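Listed below are the structures to be examined.
Both complexes shown next keep subunit A, but they swap its partner, so subunit B is in the first and subunit C is in the second.
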Partner chain A sequence: MTTVRMPPPLPTRLRTQIPSGGLSPMLSRLAAERATGVLMREGGMLYLSDGQVMYAESPATPGLDVLLIARGALDEDGWREAVAQAGARRLVGRFLVDSGRISQGALELCHLGALYDAAYFVLGPSSAPARFRYGEPHWLGPVRPVPVTAVERETVRRRELLHGIWPDPAADEAPLVRADRPPGATVAPRQEAVLARIDGVSTATDISRVLGRPAFHTLVDVRRLAAAGFVTPRAAEPDPAGPAPGSPTPVPVEEFPLFTDPHITLLKRLRDALEAL
Partner chain B sequence: MFHRKMPEHSPLAHTLRSVNVTQPYLRTGGEPTVPGIDECLLEAMQLPGARGAAVVDWTSGLALGTVGDSPGGDHETTAAEAAELARLAAEHRAFAPEEDTGWFDGMCPVEDLIIANRDSYHLLRFVPTTFDSSVFLHLWLARSEGNLALARIRLGEMAGRLVLG
Partner chain C sequence: MANTETALKEALASIEGATGVALVDYTSGMALGTMGGSKSFDLTVAAAGNTDVVRSKLRTMEHLGLKGQIEDILITLSDQYHLIRLISGRGGNGLFLYLVLDAKRANLAMARHQLKKIEEDLEV
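The block that comes next holds the complex of A and B.
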């Protein structure tokens, strides 16, 4: 009899420490000076108005339009018309509600989901320099602005949440491969939807786009599936033509074996936890 | 997070609202408000015995909006803890109906969760959406004043109105 694997408790923000200076020192400064404009980082863009986060966009996750259109909350023509009619005035959100295409509540829920989701990727670790362009509010307009500190705290909390489920981030960006289904194990319906789209090519981002689901939500399910042994990231394949002449000899990448023995899994978790100290 | 003042209402309002349950939320002056997250939470707080309410995403444990008090005084901790419970209920086969056990048109197989302790009730109501989401309404009720049956009906209507307008 397989017992249900109890996921670790969701981290709470009280225990969540933001590194001093914030996740992005530039962002903290912009919030303090109540700046309006767009912060461009390696992972995407954060739109500020009066120092508050109005919206966020990242190539790693579907935008508000994809989320709304994918399941039919809005049709594509309706979205296009709203952007055409109200985009220049930067009031697309308002227009969608006023024209009866979507309710204020649905827009707020979807918008907040998309905002925190994209912000998680925008505020991800990055070595590239950030840039800020003043004076360009997002064309969506105000829907439900969020303070910068709330976005930063939530981003850190989400990192801890993923780390607590399964500490190996390899599955977050790599194409995913289905492993042999552990005998007797069951998968929750929402995870089943993710599992059904794992084809050895698609990444978590690709699957999110198809499902019309925020990518962080997919990452939670992917890490759960990885922890339960359903899914592994596809190992980078060596170039069949061999290394190009003159290129440096490739350093062998550490191969992760498939973990089926729970003791090995435990040891790996322990090792990751120690390394994270 | 939540800055608006609670609207004033007469004691009669509860009686009227419990009779005319489908009436949309009205601002003083009779103009229907746009039913966003805040209006939904304010409406929940008008239920007898309401101590606090929140809209929570159960995948991440994030509170998307909060109003009133929270057990222990911290809405964020409460949201994370309630989210764990909601997720267990939403995902496990044991709590799904005999037929149509999966997610259907944005409907969670579970409608709501009720928890009763010595001094209060907690009501968690899943919000059906026309886009992919994992959101529920959480209402905290004082047991001495709260009417669980009424709160359950009303919270279900609020969850529907929040998304359908």
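The block that comes next holds the complex of A and C.
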């Protein structure tokens, strides 16, 4: 029997449904005015063109290059050359297809995968203000633009999916440790690959990069593994045994303070109002 | 390979009785492309729900120790057939095609054969 340490509730907004103003009121407004540029939020960046999402980037997710190379669709030299040749013209995607390095379909699928993956993290709950810089198309160029509403809908669906698998989000960001393998339990091959890389230091994001898989997919696997009792997030206190010799010193995880201040609701409303400006 | 839209369009146009088709990533349940469907039949909802079907079957096979690969899964309703075809190409890891057929007009054996051909075309 595994005991689950539930973290204190965090003062973030629970948005399992898209509020009338959209996941980010600013993003909805930019879509309505058909803006072109880059939206910068705490979790990463969304590139818009004519009010549609062209690409998304987040430090939490592997980029399109990592996914393409991991799938064997492209090699590193091919990617580097495409960026060197077409990066300045902001048409890297088209260059990859025109030069025969990759088919349009394979590029589209990987691009959509990377876009929705990063957008999930960009549109995650955040307490920092968002900024928008007009007029900067992404160097990848147009591959397959997606409407803002589709990105928001998918992001909300993904949140619900994760919540349905295992409601504790603690394993999403913390370094992961292996729990005692529950007797008789089996793990799918894709999850086995994730499990094999759990070393007490790596987070889900680190594992995605190593495996060349979208970060959200790793979160799904990690939550399934957590639900089955294979994995737990590492507690904030360093392990008494210490990290394995030779491995880098892990950065301690910040423990969230308990919020008991009754004014927190007022502050949250203020924040919402400011974000909606 | 064809681009995804062309491949899905071809599936809808060439397979007799096809009313909708989707290309789905089964870890996230996201439809990477859909074609057809209707107001009363939301393909993205069907895509997300059918990932559970695929996952359950894969799990059961593991428990049974079966080593074969799933080629396709067929679900028959009183008036529709739903055909799920797992994409096995080297990069297609984790994708499946989902095809909705009108039972009155469809030829199942033919549809299976054509869907296999479209999978080969996709070669993701």
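Operating definition for what follows: the second predicted complex is superposed on the first by the 219 of 277 C-alpha atoms of A that agree within 3 Å, B and C clash if a C-alpha of one lies under 4 Å from a C-alpha of the other, contacts with A are read in each partner's own complex, and residues count from 1 in each chain.
Everything below uses one rule, namely that a contact is a pair of C-beta atoms (placed from the backbone, for glycine too) under 8 Å apart; a residue touches a chain by one contact, two chains touch by 3 or more.
Only a predicted model underlies this, so the values are computations on that prediction, with no experimental measurement involved.
Undergrad: Using the overlay on subunit A, decide if subunit B and subunit C clash or can fit next to each other.
TA: Subunit B/subunit C on subunit A - steric clash.
Undergrad: In the overlaid three-chain picture, which partner chain does A:T186 touch, first (subunit B) or second (subunit C), both, or neither?
TA: both
Undergrad: Kindly classify A:E108 by the partners it touches after superposition: subunit B alone (first), subunit C alone (second), both, or neither?
TA: The answer is both, since A:E108 touches subunit B and subunit C.
Undergrad: Looking at the overlay, does A:G43 come into contact with subunit B only (first), subunit C only (second), both, or neither?
TA: neither
Undergrad: Could you let me know whether more residues of subunit A are touched by subunit B or by subunit C?
TA: In the superposed model, B touches more residues of subunit A.
Undergrad: Is A:H217 touching anything from subunit B or subunit C once the two structures are fitted on A? First, second, both or neither.
TA: In the superposition, A:H217 contacts both subunit B and subunit C.
Undergrad: When the two structures are overlaid on chain A, which partner does A:G229 contact: first (subunit B), second (subunit C), both, or neither?
TA: neither
Undergrad: Which positions of subunit A sit in both the subunit B and the subunit C interface?
TA: The answer is residues 71-73, 103-106, 108-109, 112-113, 116, 154, 157-158, 161, 186, 188, 190, 214, 216-217, 220 of subunit A.
Undergrad: Under the stated contact criterion, what part of subunit C meets subunit A in this complex?
TA: Counting only subunit C, the residues touching subunit A are 1-4, 6-7, 23, 25, 27-30, 32, 48, 58-59, 62-63, 90-91, 93-95, 122-124.
Undergrad: Show which residues of subunit A lie in contact with subunit B when the two form their complex.
TA: Answer in residue numbers: 4, 7, 9-14, 67-68, 70-73, 97, 102-106, 108-110, 112-113, 116, 144, 150, 154, 157-158, 161, 186, 188-193, 211-214, 216-217, 220.
Undergrad: Touching subunit A in the complex: which residues of subunit B?
TA: Touch list, subunit B to subunit A: 1, 34-37, 40, 55, 57, 59-62, 64, 74, 76-77, 80-81, 83-84, 90-93, 101-103, 106, 109, 127, 129-135, 161-165.
Undergrad: Taking the touch rule as given, give the residues of subunit A at its contact with subunit C in the complex, in rising order.
TA: Result: residues 71-73, 103-106, 108-109, 112-113, 116, 154, 157-158, 161, 186, 188, 190, 214, 216-217, 220-221 of subunit A touch subunit C.
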